[in-house]
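Next come two complexes built around chain A: one with chain B, the other with chain C.
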Partner chain A sequence: MADDKKAPDPPKPAPKSPGFWRETWVRFRRRPGGMLALVYVVFMALVAIFAPAIAGTKPVMCKYKGHLYFPAMGYFNPKWENPIFQKDRFRKRYTPAKFKEKDPDSWVIWPLVYQDPFRRVGGEEWPGQPENPTGADGSPSRYNWFGTNQQGKDVFAMMVHGTRIALLVGFVSMGIAATVGITFGAIAGYFGGWTDIIISRLIEVVLCIPALVLILALLAIVEKATIWHIMAVIGLTRWTGIARLTRAEFLRLKQSDYVAAAKSLGASQLRIVFKHILRNGLAPVLVPITFGIASAVLLESGLSLLGFGTPPPNPSWGTILREGRDTIQQTWWLIVFPGLAIFFTVLAYNLIGEGLQEATDPRLRSDD
Partner chain B sequence: MRSTPSTSADNTATDEGDSEGHTTENKEIFEPLEEYDPPSLEELDASANWQDRKVAYGRDLLRERLKDHPPLVSAEEAMALKNDSEEANEKIYSVMRQLPESDDQVDWDATWVHHLSGDLKSLNPLMISASVEMELLELTGISLIGFDADFEKFGMRQFIDSWQTSEDKLMDKFVLRDDLAWSDGEPVTAHDFVFSFQTIMNPRVTIPAVRSGTDKLRWVEAYDDHTLVIFHKQALASNDENLVFPIVPEHIYKDSVDDDPTMETSQYHLKFLNKPVTCGPYEYKSRSRGQNIILTRRDDYWQKDGKEIRPRPYFKEIRCEVIIDPNTALLSLKAGDIDDCRLSAEQWLTQTDSQDFYDKNTKVRGMEWTEFHIVWNVKRPYFQDPKVRQAIALAFDHQEMLSSIFYDLAPAGLGPFHPTGWMASDKPEAYQRDLDAAEDLLDEAGWDDSDGDGVRDKEINGRLVPFRFTLLSSTTPNSIKVCTLLKSNLDQIGIQVDVKPTEFTVLQDKSLKHQFDATIAGWGTGTDPSTLDNIFKTGGGRNYGQYSNPRVDELFELAQAEFDRQKRAEYYAEIHDILWNEQAYMWLFYRPTLFGLNQSIRGFNFSPRDPYGVSPGINGIWKTK
Partner chain C sequence: MIHYFIRRLFVGAITLVLITFLVYALIRMMPGTPLTIVQAVGDPSMQMSEADQKRLEKAYGLDKPWPLGYLDWASKVARFDLGNSLSRKEPVVRLIGRRIGPTLLLTVSSLVLTYVLSIPLGLWSTARSNTIAERTVSMLLYMLYSLPSFVAALYLQILFAVKLEWLPLRGMKSIDYADLSAMGQAWDIFLHALLPVICFTYGSLAYYSRFIKSNMQEVIRQDYIRTAKAKGLTERSILVKHAFRNTLIPLVTLVGLTLPSLLSGAIILEMIFSWPGMGTLFFEALNERDYPTIMGLTLMFSVLTLAGQLLADMLYSVVDPRVTYS
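Take a look at the complex of A and B:
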């Protein structure tokens, strides 16, 4: 008989203990509220990215005179709309009839809903679709799922395209705030001494500047104010909390043994700051960032409501609310739909923030 | 009855939607007053060859006018009507505009709660600049002459005994009534007029607006307490307008204005800040900033020893409530907390058609000559060529604007004059949208898409300039809507527009300095078309768009020196045609006057300016018992 004696099993390697981030993720996953919120935000992000394919009047894709074109990209940047359509006098009004007339062999993939966030869709554009109602007559219908505003623009299309603004404002402004805040906080905490004193005073000064006033001043000065300017201002005024937390973490962690070990091994200061301390100190910072996103979304909506937000005709959620305010007793759909969207988005970010907080802070862990 | 502040004779810049609070006058650089030694009264009387002018009570003139417009239905029938058709509007208006047939109909103890859409900056008559301030000055001030709804001038009988103009049109002589007193009991004399004129022209005093009429006067002289002669610099057809300027009491301010040229900061002046001494039908009772201003009837104004010496002011008290938000104002009207309120087209159509509105109120609509337009800065490369401006007018969807933004309540704009005005040309016709013609015109003007990026461009001084301009808008929602509609329309023919909503004061400032490509704006009408000369004449103070056409300049000069109305009308009609054909502005629409009124209000008459803008105007409003 063949010696089938197996070689003894190699010693099982000890199970790798999960890293900090993995552990956080595991804990976060156990919270249904947080997970639901995360799914919602991802869904919103998808809506934002595919907005032109969901609601629009420009073809997502078309074959025209032998070439493939993507006119819907014009919603992101007017320059991405191929000039051939301008030359052929389409005049930004793409209708099935026009395609048939100018090139019988063309084929077109249209967005799911033929409605435009920037203008009223007329009666002769889409076969069988009547023109959008104006005034207070635009209640939700087959053609206008969320109704139309007083000017006859479709609310659903505006909200779908407005998602991009809502998400961008949150992420970009808090991205700026996080970068600035973490950098300043890290420098102040790690180096201490005079650097710390100067940066701490700077933080206090910035804390005193109200973002709202700064935004209003900026809009008056800048020749072509865009949503990016507003995001920059929100970002550049909201970094102080993050900086303070980072600084505190650094003050604590720079005393720890592994930092001393890294130092004694001759690691450069940059390496210590970013590779060793920052990685371990990031968790508490994530929480104010998430809450900050929520408040940035609210601030943008509030600014738009007051009429100082995204420059027209950007269809931000707050702008729709503002339009609804004038006829609040007649056009409930101008208040309810954008109101709910803002509410759920802010709620989602807050739930994510809370989930992160409990998943990363050992004192809040309830499971062990 | 009307007491007009000087500048209301002039065109007013108007902000769409919220006109009342935001209307301002322009500030022009003025030449300081030159000393003038007027001849004696005897010399004047000998040489002037005085010609008598009409002197009347505004109310009587209106009553005369209303004889041709009797009420079409009884008051009960009118109040039961809903204003949903032209016919219903005619009926309701015919009732609302009437003056009382007898004193018994008037509720003399009534309080009128009048809506103000913005607070007053100052109660001092010399400091007026916004139209709300002018409105109140109608009630508290006096003036020598007034205008009826056809802008016919007449002397105000309640303040003067006679008005004469010299044959060479360089002088006007007024004899004031001797029974007029300030609210503190001092008599109103010709010296008050002289003092007020001197103060307005005093360069140390910061006068925001009213100088734009008085700077055309050479001198104001009081020959005795009641004889006043006003000297003009030039004999112009528009001279009458300059005779109106606000009056302050000499005995209050004579010694103090030098110490405090602002007239409202010194301890002494502060006493009069919220309760100035007035000389008109009403005096101030109290004022809370941002909330309300309460006026009471001056009994010593209209009666003396129990005898009526002037038409009696209709209200015992007028409470002016400041409500800025239009929705709040409408809710207050529905609740009966205010008696009148200007409505937006939206409110007219959607929020005032139910019983909860008609319970206490009714509504009327009429026309005024206030027009809105887009100013092209013709010094910018884009708009130099009239062809480009015509192309834009062809590309803009006027019909969509009128229907989706103004719900067909506003008529299409047809140039600087209203088609019903005597000076208007009948040639201008509304543009019909024609994108092919627009694109052809742009190609002709050299704005084609030479680099093939979908945006039109033109080579200027060796640089390829893309057709992309900034359109300044005011922050009112309707202005923004018009601007974004234009953006979307022009995008279709390869022109990029950035719409920038701008605060009204910033907008004014940028307009004055010509720091803009294009901007949306509005002009209220002046009482005489010659007031348009500083808007369209080369280098005019309010020629924000820097438009220049030698023929237009010439025509303005010709029309100013001409006194025959027929000839003047021809000159102005030619100006109208030129401006329209060259599209100096892109005219958009005339503002409709839409008002919600309590059912007890009467005496409400529309005018080319606004319901309170001509005589008797606000002083003709009364309440039924």
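Take a look at the complex of A and C:
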């Protein structure tokens, strides 16, 4: 402007505008509901990680014959259970009495609650704790906080260990759904033409096929369905909404100036798609992904309730509900507690989704 | 306009063929056939001989590879014949016809209830926006929206059927239904339907009233609302006549999209209440590998889904003259 005249004030550097994620976080933090929900999810994650230390019958840590062992790791993977206990004939029952008998110098850190998600705890295992009741006698008591199921397994222990499944189902299946959905949506939106028509048809077809047919048929393909198969199948059936939204975003963004600029600079198509468009189009997709996590949790418990969940020794919340439904006349505790857990989890993800929606909505950005 | 819808119909027909083809392939690839599944649950004395099984397979057309089976099914459908159920030995159409009533009873009463309750609720929460009462109601509705219907169903069953014994636990009719008077029969079905209808309704009630409220809040910022206020109209007349009418457009499209769920029912809810509707039929047919019934139901659901989308688009252009398809 006026470089030849007297030196004007140097142009003030504009204050660095906060990045997208930072701004979203600042706006999200203002919502008490969303923050509470976030705290709940973190709490759930902690419960899932420390499940064996909260409820279990295997020592979290013990000093036995001069060495430190962590038998509770066996809850994550049976192979991680130290072989020495097998050799010393613990027969998978760790009791204080056995430790004293086999090694008087040993010391043990036990889980907070001596109950097992996979079997009924017997009478002689923990000093002063009676054998778990079964059937209609298993109402909540001081030994079984949430009662026991038909076989006398402790519901609290099952739910604590089931948290891992509830958490994994949401994140793994939605991770798969997001990958598939964003890929398809991006391809359809960016390339357009025939590719778009074919992918849009595919989306419509997947939307129209009854979800249960698709899920059951896909599950039937594998011989023995594990929780991982169920997560994969839920992910492979829930990507359509994400794909539609990504497609719409790509349709909009590929017309924008910076894409034209990148093209004229000779950027490769891959670079334009992933580096330029995807980073800008990701924000609106985040919201349906969060809501999708809620619906995945719901779907898994629904499937378990219908009897298509993971095979038995698995303590998913929906499986407990199914047992409760079969004996609804007597065993209310098999329904009330897992039902609450499912409700809170779905509510938490919905609140987070809503918080994200408001935090990323550009229409609300300018007014504060 | 006409061209647009003809093209939509054409594309929809192709989609239908694709869907039914895929579903047929999927269900034929599931392990077990209608014959083996029935045997697995029946007692051993009912076991079929090898020759009998071959004969039945031939009679049902299961001996052919599945693409041919699909062609058979499709050519029958083109002649308006959905075939016979394999496990129940009766035409699929009649089977569906028998189950459609109970499902409609639940879904239609729930839809009517939803509209009757959610419109006043949405208007009320717009008018009383940000008061303590409105915030409490909104929060409760939001929690209801997150409460899974099957959890609610089980809770209501424990409370009203097991503990209080006010309402029946499951089914649609009492055992002595046939002996009741006409009024008694209606009352009996009413009692049985009460809990399922509540479970069908509360979620959509929460969703619809939030939906109406958020649409209303966008509309009341418009200039013509300010004009109406400046003219000195009453608040009620502004809300109902000027604002609400303009939020009908998204509401109408929602109606089109709920069409398929009216007939499909909800598998989990119908299973929990042992309700003899479409959801239960679908579930049973899947378990029995009753291919014609599954296909008939799938065809019906997909036609309804596609028709619902088309209807939503058509209604959209009817209620909003600015929208044209050309």
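Following the convention adopted for this analysis, the second predicted complex is superposed on the first by the 344 of 368 C-alpha atoms of A that agree within 3 Å, B and C clash if a C-alpha of one lies under 4 Å from a C-alpha of the other, contacts with A are read in each partner's own complex, and residues count from 1 in each chain.
The rule is short, and it goes like this: a contact is a pair of C-beta atoms (placed from the backbone, for glycine too) under 8 Å apart; a residue touches a chain by one contact, two chains touch by 3 or more.
A quick note: this is a predicted structure, and the numbers were derived from the prediction, not measured.
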{"item": "First (chain B), second (chain C), both or neither touched by A:Pro32", "value": "neither"}
{"item": "Touching partner for A:Pro18 - first (chain B), second (chain C), both, neither", "value": "neither"}
{"item": "First, second, both or neither for A:Ala294, with chain B first and chain C second", "value": "second"}
{"item": "Partner chain in contact with A:Gln151 - chain B first, chain C second, else both or neither", "value": "first"}
{"item": "Touching partner for A:Ala220 - first (chain B), second (chain C), both, neither", "value": "both"}
{"item": "Which superposed partner A:Arg89 touches (first chain B, second chain C, both, neither)", "value": "first"}
{"item": "First (chain B), second (chain C), both or neither touched by A:Ile328", "value": "both"}
{"item": "Partner chain in contact with A:Ala136 - chain B first, chain C second, else both or neither", "value": "first"}
{"item": "Chain A positions touched by chain B in one structure and by chain C in the second", "value": "220, 325, 328-329"}
{"item": "Contact footprint of chain A on chain B as seen in their complex", "value": "326-327, 344, 346, 349-351, 400, 403-405, 407, 435-436, 439, 449, 452-454, 470, 473, 475, 477, 480-481, 483-485, 487-488, 491-494, 496, 498-503, 506"}
{"item": "Of all residues in chain A, those that touch chain C in their complex", "value": "201, 204-205, 207-210, 212-214, 216-218, 220-221, 294, 298, 301-302, 305-306, 321, 324-325, 328-329, 332, 335-336, 339, 342-343, 346-347, 350-351"}
{"item": "Chain A contact footprint on chain C (complex, rising order)", "value": "11, 14-15, 18-19, 22-23, 26-27, 29-31, 142-143, 145-148, 150-151, 154-155, 157-158, 162-163, 169, 264, 267-268, 271-272, 282-283, 286, 294, 297-298, 301-302, 305-306"}
{"item": "Contact footprint of chain B on chain A as seen in their complex", "value": "78-79, 81-83, 85-87, 89, 91-93, 118-120, 134-136, 150-152, 220, 223-225, 307, 311-313, 322-323, 325-330"}
